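Read the structure below first, then the notes.
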Amino acid sequence: MSSSYKDLKQECYEANMQLDALKLVIYTFGNVSAVDRARGVFAIKPSGVPYDILKPEDIVILDFDNNIIEGTMRPSSDTKTHAYLYKHWEDIGGIAHTHATYSVAWAQSQRDIPIFGTTHADHLTADIPCAPPMADDLIQGNYEHNTGIQILDCFKDKGLSYKEVEMVLLGNHGPFTWGKNAAKAVYNSKVLEAVAEMAYLTLQINPAAPRLKDSLIKKHYDRKHGKDSYYGQS
Amino acid sequence: MSSSYKDLKQECYEANMQLDALKLVIYTFGNVSAVDRARGVFAIKPSGVPYDILKPEDIVILDFDNNIIEGTMRPSSDTKTHAYLYKHWEDIGGIAHTHATYSVAWAQSQRDIPIFGTTHADHLTADIPCAPPMADDLIQGNYEHNTGIQILDCFKDKGLSYKEVEMVLLGNHGPFTWGKNAAKAVYNSKVLEAVAEMAYLTLQINPAAPRLKDSLIKKHYDRKHGKDSYYGQS
Amino acid sequence: MSSSYKDLKQECYEANMQLDALKLVIYTFGNVSAVDRARGVFAIKPSGVPYDILKPEDIVILDFDNNIIEGTMRPSSDTKTHAYLYKHWEDIGGIAHTHATYSVAWAQSQRDIPIFGTTHADHLTADIPCAPPMADDLIQGNYEHNTGIQILDCFKDKGLSYKEVEMVLLGNHGPFTWGKNAAKAVYNSKVLEAVAEMAYLTLQINPAAPRLKDSLIKKHYDRKHGKDSYYGQS
Amino acid sequence: MSSSYKDLKQECYEANMQLDALKLVIYTFGNVSAVDRARGVFAIKPSGVPYDILKPEDIVILDFDNNIIEGTMRPSSDTKTHAYLYKHWEDIGGIAHTHATYSVAWAQSQRDIPIFGTTHADHLTADIPCAPPMADDLIQGNYEHNTGIQILDCFKDKGLSYKEVEMVLLGNHGPFTWGKNAAKAVYNSKVLEAVAEMAYLTLQINPAAPRLKDSLIKKHYDRKHGKDSYYGQS
């Protein structure tokens, strides 16, 4: 039972359990992974295992070409999407995927989430992008790998940086989020769900609600993320 | 107090308690049954007994013609619907009925729930059917028995298989769900409620939201249920 | 500290605590009373006392003319409405008032809640009535007493029986519910809130949703309340 | 570790923890302050510290010109807004700021919350004001200080008294509330969120819902706050 990936598995396990604690998933409708860049591997939840019986040693270790390095269980069915993102986005340390209610509703609506307020601008300066569904041949092919391609194409088309926009909606599916580590990826899933709910309600109250003005977007993002940021304890 | 149906009663009891734990019911607004095919009987919740005082020995055992085989309490008022489904759908092992909020809202709207996303397609490939209310003479007659007929007629009219579509909305009433056992039936009630909420929100955000494209329906259903499925631990 | 109304106070106390446990109130936004018909008195929550410090001995005892019979605290500001209802509706044993979210939303909309489904018909056969706001002089006068008159007038105008319809919305204010005892009054507050939420969602999904057909209203009400009822344990 | 501000820090700490307990915040999306008028200082939450690790001794003490009097941590990024309000509104003892869901949705809609019912009128007689976003140069300048100016300008423009209206929405941002002490400020945040949700639902059910009539506004406000008030224990 001794493993040289014990810490990585523990990080991944704890982040997965947070999905459940934060009410972002029911049953097994989500997964989180954590990466070890130095060793070129990532840890991910096994497929279809309920959170109340999940254990740290169940976590599966793979390389970025989807070879299982350690673990006896089948990894998440979305593993290839995680691997593709780790391979191409070299600065991310963790990825989360959920079917959280409001995030999914926007994904099913095939709409970007407009930046309506400072809660949104505290985290990113763009609308939250919704990638369109893939072409049929890509779906019928290497689906989860192609999902990774779809996300990167969406960012390229919209001119977005994955370092500044740490979340995406997959049209008709749901959200993927990422960050410097697995805990930050889960944090971003929770923030996205909160922003998605607020944006939904805003549109119901005022269908003509305007986007946040540029000066407020810049102010709020910079006070948390800019070089002269003054939020939090440095 | 010794009973030859102890295990069946326990399965039924635990599934009923799950309805409450999953917040699918308030008070006594729901019931679950579990079948023993070999002996030709099913176990069901007694009528009107609150979950916080329900005990395994309160569960009632009946045959498929609604004769009480064991038990001193009156069975659920919906018992004849359960019996009818068990008698005609020979591969189901459990049935659940609730008045869960979003499921009921769609039933009261008399609308099928459109398949808007992969959460839905992970479980079934069709819109979730809503059976129309019955004719007046059937309501005034053997109502709960006729409810079973209504469900089967709905599946016949829409060309659906109960093995692939494990849920239905009764127009103006609420959901019935089923599965290989009572726990799976309850699982399907929870999934239906989640899908019903997501579909509701989707329509509010984008009234013209399109159905999920066929290739994605097939991909997601097959990766969980097809012969080459790769979801979960086999 | 000895009191001849100890049991009545205890019943009233427990019913008030249920309002909180069922999430029907925040802070002190609600009150429940319980009657002792033989002695011509009722017990009610003291005004403005938070649930987490409320004690059975804080409950105030009054007669139907609002004279305090026992208790050192000021009774609920809505006391005169309770007294008026007890005096004129001789078969009720408990009354509850809340500011529960969906019930208040319908009251603020000044609309009756249409009977859309069987959850509603399991409890009453009519739309849930919304009494219009009172005339200005009645508001400026003996307001809480006049609120009682307003409720009775509403039932007379609509031809409703308080024995069959155990709930009302006060336009722009919120719900009052009643029943054979205080616990049943609280039960009716919870049912009303659930029905109010379902009706709200139904209208959002299908603004043209039809009322439940008469045969289903009669069937569901009678199987729970008719002379040949077969719901629950007799 | 001995501090002459121990009681003030404790009051501030407990009020901040209430934000979390009342589900008005996720993560660190909120802050509460408490004032000591005699000493000309206020206590406020440190910036970006999660509630589950916050301790009373982390609370920062400042004067009304934003000089830190005691504390080693960086105060909330919204501190200057608090200081401005304390300096100009001499009768308030506590201030709370959240990103609570329904309050934010109205703020993002840039709409005042209409007074639709008695829940609202029990607390204030005016629509809940929504201050417009600031001019660009004020945002780019001393933003949090200018936010205080913006709030006071809004009250002046609308002819409101901060003693009677203890809450405001900042357009595209979220709510600020205040009161005689920090606990009352938090109470007002919770009441605002409840009223915001009810008003939202009311508009969905009846887009033409009328404002509460003046006689009812006056009656409900006066029975709680007028010189002849009869709500609560005096």
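Letters A, B, C and D mark the chains as written, and numbering starts fresh at 1 in each.
We adopt the following convention: contacts are C-beta pairs under 8 Å (C-beta built on N, C-alpha and C of every residue); 3 or more make two chains touch, one makes a residue touch a chain.
Just so we're on the same page, UniProt names per chain: A, B, C, D = L-ribulose-5-phosphate 4-epimerase.
In this text the structure is predicted, and so the values were computed from the model without any measurement.
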(request) Would you mind checking which chain's C-alpha centre is most distant from the centre of chain B? (result) D
(message) Taking the mean of the CA coordinates per chain, how far is chain C from chain D in Å?
(response) 33
(request) Provide the C-alpha centroid distance between chain B and chain D, rounded to the nearest whole angstrom. (result) 47
(request) Give the residues of chain D that touch two or more other chains, as numbers and ranges in rising order. (result) 204
(request) Would you identify the shape of the chain contact graph, picking one of line, ring, star, complete or other? (result) ring
(request) Could you pull out which chain A residues touch chain B in their complex? (result) 26-29, 46-49, 73-74, 77, 99, 101-102, 104-111, 133, 136, 139-140, 143, 172-174, 200, 203-204
(request) Would you tell me which residues of chain A are touching chain D in their complex? (result) 116-119, 187, 190-191, 194, 197-199, 201-202, 204-206, 209-210, 212-213, 215-216, 219, 223, 230-234
